[in-house]
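Read through the structures below before going on.
You will see two complexes here that share chain A, one where it goes with chain B and one where it goes with chain C.
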Partner chain A sequence: MANIKTSEKKSKAQSMGMHTEVLTGRTQQKFFNPDEAENFYYFGTYDVDFNKRTDLDVMNMSAPEANKEIDNLMSQGYGTIVIKNPQGKHSLGVGILNKLNLIFEGSLGYFGMGSCDGPIVRINGRVGWSCAENLMAGKVVIEKNAGSCFGAAIRGGDLICKGSVGARTGIDMKGGTIIIGGDAGAFTGFMMQRGRIIILGDVGINLGDSMYDGTIFVGGEIGSYGSDAVDAELTSSDQDWLRRKLKVAEIGEDFDVSKMKKIVAGKKLWNYDNLEPTEKKGAI
Partner chain B sequence: MCGIAGLIHRGKSSNVGSELQGMLQALKHRGEDSTGYALYGDTDGKNFIMRFKVGENVGEGSSSVMEDVSVYDERKKIVDQTLSEMGAKIIKEERTLPYSLRYEVDYETKDLLDFSQRIESIPGVEILSMGKSLEVIKDLGNAKMVCDRYSLDKLVGTHAIGHARMATESGVDIKSAHPFWGYPFSDVSVVHNGQLTNYWNNRRVLENKGMRFMSECDSELIAVYIAQKMREGASLEEGMKDSLTGLDGVFTYFVATKDSLGMAKDTMAAKPLVLYESDDLVAMGSEEIAIRSVLPHEIDTYDPFDGEVKVWQI
Partner chain C sequence: MPKKKTKKIKSKSKPKKDKLGTFKETAREKLIGQHIGYRYDVNLLPDYKKITPFLKKYIEAMGWDDLNWLEDVHMGYEEDRPAVFCRNANGWVTIPKSIKLPNNQQDRDMIARELLVKFQMSPKHPLVDLKKAYLKF
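Up next is the complex of A and B:
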């Protein structure tokens, strides 16, 4: 088989703007340069004042209407918004790319707080499936229970549920931290790639199934391990980090972290090579 | 997708027809090809209530064939004659729609297998439910449309389960709509959200044991499967626990009997369910908004875990 690095196909791929890089199992990171701040514009963001507070009753609003009104209030500089009567509606608070104190006085349905980047959110109720999916940054605290796919594919931020969560928590997560005060369902950490999950209670079957990377800490019983999920040594720095994180999360401050189990990827399923998919296509 | 909802009042009766309509209407975005209700009303318990159809509602997307009302009349006559031959006396008769009927029947024999087989041997006739308390009502359209069509909003009882259907693997017709009666057991009904992948294997086995299937809807298998387990002596809860391994696929389903309501969730927990439980009421649905339609104030709800089975008594 020809070496792709020296072949004409490689040159052709590069001339098309493609490039070759060695995948290390870590995602690419793009850092913000303060010197270029004036050229930087982040769509959908506003200057808000956290001391400027207002209530929003969404009882008779649809989800799009409520989300538009939240955006409208941010554009007026409101930095603290209290949502009244969310009534389990779906897709509330999605797509907020702003610093914002957002408080829900009640429960949310599916996809609450999805695709957000930056807000600090407290939900005084329960959340349905896929809460905070794709969270980039910020903090979301749920005072009660959460449904399945909690924190699916998050890339950053802290996602905290003080109660129990359903199945597939942290599925496909790529960063950030998920903290569960109660129990978690089956397939927790399924295919996670980075980030950390902390569960103070018990967890269901197939924990960490097919995880690529990342770390899961469990305080209670484990139903069963998923494929390629293995135990690892809980170090003193792990324990320091856990204590600090639980304190910041206002959850389980007195929990004995020294008895927690640490689960990581065994990396026996890793099968990476040096080619990006586009280059593979070009090489075929 | 489909949505399911159910509720049980413990120690009292309520307007379960109206309550379930609100819950199912809140789930109509999960499917409104058809909607079905299994309502457990307050009765004196003396007579059987037989809900049956003598034809189909042929709406847009239906896989059934339009028939003349005179055909329905003829089938009804044969049903009446068959009931008479079996010694069943019609106490009260209601013809809600040309194809849908409700009889109160005085019938002493408890063997509903023979009874049902004789009634359903009449072409085009299907018993939707048979019980001393249970009434299954299902038709095309969303929850409100079906509720209005059959005047269900005033029905008082202890518990109910229902289904808002998006047809995926079988036709848009009444026979494929949920709930399914747990034939041949009196007062047993089932609704299901999910897909069963070993439907045909199980169906062949159950048909060889004398059980009947009226549709090709995979969900019907659950009703028949549980009924067969109960025929073999299992309790409702035992039958439901057995189904977690006997049925393959993804599912969340509810089963109701005359005095109980149960839920089961597959071991993958792939289908949603939100549950509210208090001393006097249990309400559950595919989404929290269904529960909110009967409990608008702030409540504590949770998702049952994978492989969980729960049964509540009235």
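Up next is the complex of A and C:
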């Protein structure tokens, strides 16, 4: 009998080392031509000019009124807006889904710059809890200190605090980069899933507790490691990237990145799998 | 006649070059028969020497100093095809067959980033229809 060898034909993705995985769900096919899009902003957003500048005094405005006025100015093509007298109001500058240069001449309260996608923001003061939570893209720079839950659940973009930050920085973050020039509080990187945190100063207890993935770089002392946070080797590509990021962040350009510690997930908490339903059945 | 003892030379087995996602890493994965976690390295930092002209133009237009949110975009796969995940559409955008894929992940990631940006700027993006139907303001 002839020895018939069965050979499985590998697809391009398999031969590249990518594994097959059945992703169940709705399939929706949309076709587009990659050459047709050249407008550099999302469909339906305003086309603004960075050189067109205006001031907005929000002293006698409520936060919703101020946010609507920012939207109104963007619709008129203003690409640089300076906000005067924010006076620690909460929820200022939320929901901006546009490219924009936004400058705050003062401090913000809770949830400032939340749910944004694209703007470049500079805050010449302090910020309260949950600054830039759910940031999708863009750059937010805080010149002084920030409160707790700094950059909670961010998904992309750069979030920079030149001073120190409170506890639970980068809690549940799913992407993006948080850069801190000073110290960070307890539970930094708590439950982080993706993304990167850079702390040039010291950090409190339970660093990276229950982190699923992502990377934390620390320049100073670590209070203690959280559950499943482990040390990793700092590679030369890490160092190149760190130097570049610190230059972009305008902090710590002379900082010796080669002495930084790199913390990643130990992956011992990766227990979500097909056996779970069977195990549950056995337990019942 | 006594048989000559022949020394068996053990051939040194070459270390296998395992590709990401094709091998079982831990005892837990062997037990359950599947890979746990992402199929590609989500922590891979971008190599800025490999940036494409389109992406350079894009970050200049946005006023950023680097790739920004695109640093988190990597080329993955869907149903055996190379693809990139669009979080705005909550779905995979497959890479056209006409695009030749390079052998290293850094170059592949740059292609994925470029394609994703073009898809998000396209008037055929699913969000465009949703915006028309449900936009309140």
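FYI, the second predicted complex is superposed on the first by the 229 of 284 C-alpha atoms of A that agree within 3 Å, B and C clash if a C-alpha of one lies under 4 Å from a C-alpha of the other, contacts with A are read in each partner's own complex, and residues count from 1 in each chain.
Just so it is clear, a residue touches a chain if its C-beta (ideal position, glycine included) is under 8 Å from a C-beta of that chain, and two chains touch if they have at least 3 such contacts.
In this text, all values refer to a predicted model and were calculated from it rather than measured experimentally.
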{"item": "Which of chain B and chain C A:G118 touches, first, second, both or neither", "value": "second"}
{"item": "Which superposed partner A:G175 touches (first chain B, second chain C, both, neither)", "value": "second"}
{"item": "Chain B versus chain C as contact partner of A:P34, first or second or both or neither", "value": "second"}
{"item": "Which of chain B and chain C A:G204 touches, first, second, both or neither", "value": "first"}
{"item": "First (chain B), second (chain C), both or neither touched by A:F43", "value": "second"}
{"item": "Which partner, chain B or chain C, touches more chain A residues", "value": "C"}
{"item": "Touched partner set for A:G157, first chain B, second chain C, both or neither", "value": "second"}
{"item": "Chain B versus chain C as contact partner of A:G214, first or second or both or neither", "value": "second"}
{"item": "Chain A positions touched by chain B in one structure and by chain C in the second", "value": "none"}
{"item": "Of chain A, residues touching chain B in the complex", "value": "87-90, 105-107, 109-110, 124-126, 128-129, 144-148, 163-168, 183, 185-187, 204-205"}
{"item": "In the complex with chain A, residue positions of chain C that touch it", "value": "19-22, 28, 31-40, 42-43, 45-48, 57-58, 61-66, 68-72, 76-82, 87, 89, 91-92, 96, 101, 103, 114-115, 118-128, 131, 135"}
{"item": "Complex contacts: residues of chain A adjacent to chain C", "value": "11-14, 16-23, 28, 30-34, 36-44, 50, 99, 101, 118, 120, 136-139, 155-158, 175-177, 194-196, 213-215, 237-238, 241, 244-245, 248, 264, 267, 270-275"}
{"item": "Complex interface listing, chain B residues touching chain A", "value": "267-270, 272, 274, 287-289, 291-292, 296, 298, 300-303, 305-307"}
